[in-house]
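You will see subunit A twice below: alongside subunit B first, and alongside subunit C after that.
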Partner chain A sequence: MAFAIPKIDYTGKIKPITLGKGPKAVNLGQEDTYPFHLFEGTMPNLPKIAIEVYDIAPDEWAEAALEPYKDVVNDPVAWAKKAINEYGADMICLQLASTDPNSQDASPAQAAETTKKVASAIDVPVIVYGSANQEKDAEVLRKVAEECEGLNLILGPVQDLNYKQIGAGAIAYQHTASANTPIDINLAKQLNILLGNLGVQDDKLIIDPTTGGLGYGIEYSYSVVERIRIAALSQGDDRLQFPMICNLAKEVWKTKEAKTGDTDLMGKSSKRGIIMEAITAMLLLLAGADVLIMRHPDAIKVVREMISDLTA
Partner chain B sequence: MALTGIQIFKLLPKTNCKECGVPTCLAFAMNLAAGKAELSACPYISDEARAQLAEASAPPIRPITMGEGENKLTVGGETVLFRHEKTFVNKTGIGVLITDAMAEADVASRIKQFTSLKYEWIGLILRAEMIAIKNVSGDAGKFEALARRVMAETDAIPVLMSDNVDAMKAALAVCASRLPLIYAATAQNFEAMAALAKEFKCPLVAKADDLNSLSELTDKIVAADVKDIVVDGGARTVKRVFEDMVFLRRAALTQKNRSLGFSPIVFTGEITSDPLKETIVAAMLIAKYAGIVILSDFQGESLFPLLVERLNIYTDPQRPMMMKEGIYPIGNPTEDSPVTITTNFALTYFIVSGEIEASRVPTWLLVMETEGLSVLTAWAAGKFVGDAMGIFIKKCGILDKIKHRKIIIPGYVASVSGDLEEELGPDWEVKIGPREAAHLSAFLKLEIAG
Partner chain C sequence: MDKKNITFSPSGMSIKVDCGENLLQAAMEAGIHINASCGGTGACGKCRVKIISGNVDSPLSSMLPQEDYNAGYRLACLSTVRDDVEVEIPIESQVDRSVLVKEGQKFDQPYLLSPKDIFQLVQGWDVEPTVFKKYVEMEPPSKDDNVSDLTRLINAIKKQHDIKGVSTDFKLLMKMSQLLRDANWKVTVTLVQTRRGYKLINAEQGDRTHQNYSIVVDIGTTTIFGQLLDLNQDVKAACADGSCDGSKLFALAEASDYNPQISYGEDVITRIVYSQKPGGLKKLQEVVVESINNIIDELLTSSGVDVSLVSHLVIAANTTMTQLFLGMDPKYLRLAPYVPTANLIPPMRAVHLGIKLGDHVHVYIFPCVASYVGGDIVAGVLGSGMFQRPDLTLYMDIGTNGEIVVGNKDWLASDSCSAGPAFEGAGIKFGMRATRGAIEEVSINPNTYEPMILTIGRVKPIGICGSGLIDAVAQLIQVGIIDQAGKFYRDLKTERVRKGPDGYEYVLAFQKDTRLNDDIVLTEIDIENLIRTKGSIYAGCKVLLQSVGLDFKDLDRVIIAGGFGRHLNLEKAMFIGLLPEMEMDRFTFVGNGSLLGARLLSFSKELLQEAERIALMMTNLELSNYPSYMDEFVAALFLPHTDVNAFPNVMKRLPVKR
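Let's look at the complex of A and B:
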């Protein structure tokens, strides 16, 4: 039997969103095909990479992950600038680790001040992530939203118990909400509906379906991202037609396998974590991620090359 | 192409003899079409009909099994485009390339890595299965000698790569017991290569420059009576390889194209010369449909992540990965070390054991069989509750390993502590641990501090 390209018809399209502002604003969405299936559709906006910046110096990072940032870990502004200027970050993801009640429990005012300092010093979009403690994030991100009016941030993780507070803050001060649910397509849809009912506009919403790292649940994330994208494009599910963001670096690098030193079996520690990060990112891209929150410059570089090769 | 129930019905005896266990031939035909019955249940079917039906009911992507002894590999046999639809069944075979023109040190290091890089992960052994042996020298003797060496020093499934039919024959004579893969039949030499495949009963790679000529080639090979085929569509860029993988999978499953219903092999070293990028290309191919990936080289830091990725992608989404029930000592615990308990969902175990390790507090971790459910789900399902936990703690053997009688339970199941105390008896103290594993480290440090 002769070969004919087996194309499929799609019934949906991802909604367009713009993150940040000015010349470095990032456009996402509008794809009308599965990832990199350019023989049957288009991806007008390619996936983007956000580099992580922490508001406090990280402890217990693998040496390989720390190396590229060791001169800037105590200064989030310098860290963000280095990520943009040297490693080409499309966006910055400011992880407000200091606000975790089990860590320093830093105040919302402090977090807002750091955020404002970082976001004002750079021109790429800034994703601001709390500690995923729902109560604390409600206060922290509410305050960040207010203090950073006009900076067009992306606030997250917005979850089932704090979506009203953070969502209201995002609406009032023109930020984007990153709607986070625990690896479940139905919960993802439900939270999108709730945020819509609250008044979050479609162009101010991005889905964070929760990311597991390689060996630690990537298969669940891979399939939920794939299912959300299929529902959006092939089943015309309007409430899932949003770009997706995957907060993957911290999941990969916290694992024992990324932190273990050199061994005969596990090879070089200086490369292993990078490979684990890049594989996790590659899988999420194939499934349908639009924004990857990443850490190591070498992992970022190879993932960029793959995006560019796949869309050549 | 799969037949409908009505089409199958036409081939049956139509006697409604009921001997197959259902009342009518039509009902039996419907069951066959749905994959709920076996043709052999019908005692009266003609040989001709049997042949027709067997052909029609063959899997859309032909499964091929290679190897011998403990290192066997089946590729193909996939039935879905997306793993959540059912599952990916036959994991991508992973191998490394050596050539008969390579420096001895390069060959030796690849063979050493191949044989030594094996990983235990949730009770499974993760490893590479194949070594591709390429005849670059043009010398049949060197090729055969290298094949002999692979047979002697490894249990690898060989992929024999040569355009030279005589060289191929000599190497096949050495390796045939392992059902090596013959690489490759092309439009020019397929008759000779197919004859070798028949003679040695080994699978054959059909190689062409594009999928159209590939489908013509596989038709010719099948006509030459060789059915165990693996394919190489000739693409050597990331974009074209990715597209070919999607095309092949879809052609087989959605277009029922028998000429392309074969598992693909990809040589990642022919796509890029950058080792990191090659690993990521391989990672892409594991998720998107390659049957076999041959790397130009691998090290522990690249093979281990690829093997874990493969395990993850090929895990049945309906069935969680599970740990074996038992006692897991972390950090050389002693008779005074704390004891904690969790469920046998592999992810739960990974996270909990990772946090215990990070705390550097030697600890006994008891993993209880809960059918792979996480802590809260297992509790809700009545499997991770006080009396069951108590029975498990007493019989698992931990009593012989510790002096104290204290057990730390996950914070999420604090409500079972009463029942657990009752089951364990008055010697025991049940302590409520944190809800989130992330806080376990701090908890354990406090625990041993006082």
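Let's look at the complex of A and C:
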């Protein structure tokens, strides 16, 4: 008898969502198999890469990360255009760092204005992330939702204490909610249920399970992303059958390893951060991520090669 | 008893109740909402109903104008059912039709479990108290019969009552010679059954056999309960009509109080830590003994029994409480590998611990199983009778520590989870024990969000007890005031949901309807505490069952013990995910399970051996060794549960998506 490859019996399928609009809109979801298990099922929509754009010029970035964007860090619109035109971003993730109460504490109106400017200037989907201060994000993202009606943004992080405010804004102005929980499958499911009860439709919801960088908790992230995918596909858990987004660049590039200069032990700093970002991204892809929020063009290149190799 | 039929219009729902039942209570049982905010005292005047036909006894009330009275309106809380009646619910209390349809799909009937008939749980034992009295007469000593006083007494006991192998308490010898002569050689002896045989502990003049009392005490982490038992009561007479109420059986008096050790730490761990401070252990022992003495005092005063007639003290407590009560250093209970000083505690004199009882009184302490599975749970298992039956039973003791046992007559496995004292009223802003003035039942109108509350003793409320909390949270979620995470929706049109000093809250009773100078509210923090408590218990059950390869559906029976109230609304307990969704008839509620076991043990010396057998056969699971517990716990921190498939009936009844 010929050898038959054992196959997993899937009972679920990831729900489809569409981000953005027009010809560059991005479709996610619909996979009915574990990542890249193309011998068992299909992945109609391959994972996408969003490039980070900050609304204020970043300080304390590693030299390697700053280099590709040196000329555009003071202009989010130009930054976004460069990311799309030169580095092939499928999406833009606008990080509203200025709104952090511990930083500039920029007003919701200012944030909304920047968002509108960026989103109107480009044709790929825009992910808008607040500062993860729950109270402030509730105000900021509500305002952004309102001012950018119809642009089908992805708003996040939507968390347990502000999901009602941001969720309501997302429903009213037709945006997608990125439901963020601290690396726990049950908490992820609970927030999805709560958003569903609030009236967020299944095609307007994406899971952000929280990402740890390489060496800083990637094992936990990997495990939770993988478990969410297993529950969705093999255990038919309806409330976890959503695409997942991993906000990884921030985590990788803030580490000591990414920021330290050249050393004998750790080698060249110009390569180190890039490799760490690439490996973090690859791991998360293997676990089940659908959208990667990334920073360095070289890391992105490596990850794209990996995706095409695994789907060739 | 005479049954009367009550029909409520416009819903058409009807219920059969005993003649003499209170109308508001009957409505609550039928699942009919009638606004009522004063606990059923006639003070708020909100529970107006119209009697269409039939008779109720109902006085005039200042809250009800004469012309309304003449038109057939009555206050439901003041009305006693005497006839088959038809009652119309006025518009302000009605719920709209769409809600009625949903209510119609609920479980067959709201199921209130009261601790009844639990006496029958344990089979095949005779009333033969561990401590008993016998009357003996002796011939005075003479020249021909000059054996010692003690030998004379022992021989008389043997000859007249066929009791052999009696040892004697040394203390008794000190007074014996004079006592026997004063009594003219006619005395009543008190004997106690110990592991090694009988021990003679006391002698009294004349025939005092008709007065023999025992005190049982459950030392909980949060609450101490005590009961005074009359050991001479005849069981058959007490159970003649087959309607024994196990919670009261043979108990002449009961008393309870918060454990005063709370001031030194809310849970067992912080108390163990406190005991390590200089003088800490002594302090903890003293305060708990003082509180037990107060309870004993209260029991004796309210029953009129003289302290000299109490012959026995039975204590059931968790391992930490046991060691603190005895003044034994609990340090190693907290340090891996978590070992108690002793599981079987030898009997000792009550006076040596500072207990104010006769100096002949010995203390029997229920044997413990492990550091976090104590004598209280052994007593509970004894009282539940699960150690005798072949069917698979889950026993849950819902206290500050949730203790859970699964098994049958052949095997028992247990675990223990730190649940928190929410169900006993601690850690809840207006929480209280299930005593007079506690809100014990709650219903909320889904349109107006007006509550219907009933209190223990039908007096104006002063707080809320565990059963009221379960009801309230179940109703808050069912009518859509809170979300499944237990957080308030903040855009509801009602003055009852508001922002208070501790965050958002729901007003159960405004100040004018209470006996406090404050509104009685349930806060978001209270609800969080309740969710943590129920989550930890549910997860404890789940992991225990998983560890022996079982699931809730495999259980034949679930026995629930706990001090949260006089009864438990199963439907609502399932609604919040405290209990698994199962057929109602598999559940039994025993109230305070440890006291039940302690009471039975007082009456039967056979059960003394059984208690030890139970302690020895129980296998304890240390939850800290099960990583899945944390996962199950987080999954259970949701209403009813993150695994919605485990609660299909509850999910059907949750509010439609907003």
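Convention: the second predicted complex is superposed on the first by the 309 of 312 C-alpha atoms of A that agree within 3 Å, B and C clash if a C-alpha of one lies under 4 Å from a C-alpha of the other, contacts with A are read in each partner's own complex, and residues count from 1 in each chain.
Going forward, a residue touches a chain if its C-beta (ideal position, glycine included) is under 8 Å from a C-beta of that chain, and two chains touch if they have at least 3 such contacts.
None of the values given here were measured: they were computed from a predicted structure.
Asks: Overlaying the two complexes on subunit A, which is it for subunit B and subunit C: clash or fit?
Replies: With subunit A as the common anchor, subunit B and subunit C both fit in the superposed model.
Asks: Regarding the shared-chain residue A:Ile218, is it in contact with subunit B (first), subunit C (second), both, or neither?
Replies: first
Asks: Answer with first, second, both or neither: which of subunit B and subunit C does A:Leu286 touch in the superposed model?
Replies: In the superposition, A:Leu286 touches subunit B alone.
Asks: Taking the superposition on A as described, I'd like to know which of subunit B and subunit C A:Val302 touches: first, second, both or neither.
Replies: Only subunit B; A:Val302 stays clear of subunit C.
Asks: Name the contact category of A:Gly199: first (subunit B only), second (subunit C only), both, or neither.
Replies: So A:Gly199 only meets subunit C here.
Asks: So, does A:Leu265 touch the first partner subunit B, the second partner subunit C, both, or neither?
Replies: first
Asks: According to the stated criteria, A:Asp184 is in contact with first (subunit B), second (subunit C), both, or neither; which is it?
Replies: A:Asp184: touches subunit C, not subunit B.
Asks: More residues of subunit A are touched by which chain, subunit B or subunit C?
Replies: Answer, by number of touched residues of subunit A: B.
Asks: In the overlaid three-chain picture, which partner chain does A:Cys93 touch, first (subunit B) or second (subunit C), both, or neither?
Replies: The answer is neither, since A:Cys93 touches no partner chain.
Asks: Once the two structures sit on chain A together, report how near the CA atoms of subunit B get to those of subunit C, whole Å.
Replies: Result, nearest C-alpha distance in the overlay: 6 Å.
Asks: Can you name the residues of subunit A that touch subunit B in the complex?
Replies: Interface residues on the subunit A side: 1-6, 8, 36-37, 39, 60, 102, 212, 214-219, 222-223, 226-227, 230, 254-257, 263-269, 271-272, 274-276, 278-279, 282-283, 286, 298, 302-303, 305-306, 309-312.
Asks: Considering the complex alone, what residue numbers of subunit A touch subunit C?
Replies: Residue list for subunit A touching subunit C: 160-161, 164, 184-187, 189-190, 193-194, 196-199, 239.
Asks: So in the complex, the part of subunit C that touches subunit A is made up of which residues?
Replies: Of all residues in subunit C, those touching subunit A are 483-485, 487, 489-490, 631, 634-635, 637-638, 642, 644, 654, 657-658.
Asks: Over in the complex, which subunit B residues touch subunit A? Could you list them?
Replies: 82-84, 116-119, 121, 210-212, 214-216, 219, 237-239, 242-243, 246-247, 250-251, 254-255, 257-260, 274, 276-277, 279-281, 283-284, 287-288, 299-306, 308-309, 312-313, 315, 317, 347, 350-351, 354, 357-358, 438-439, 442
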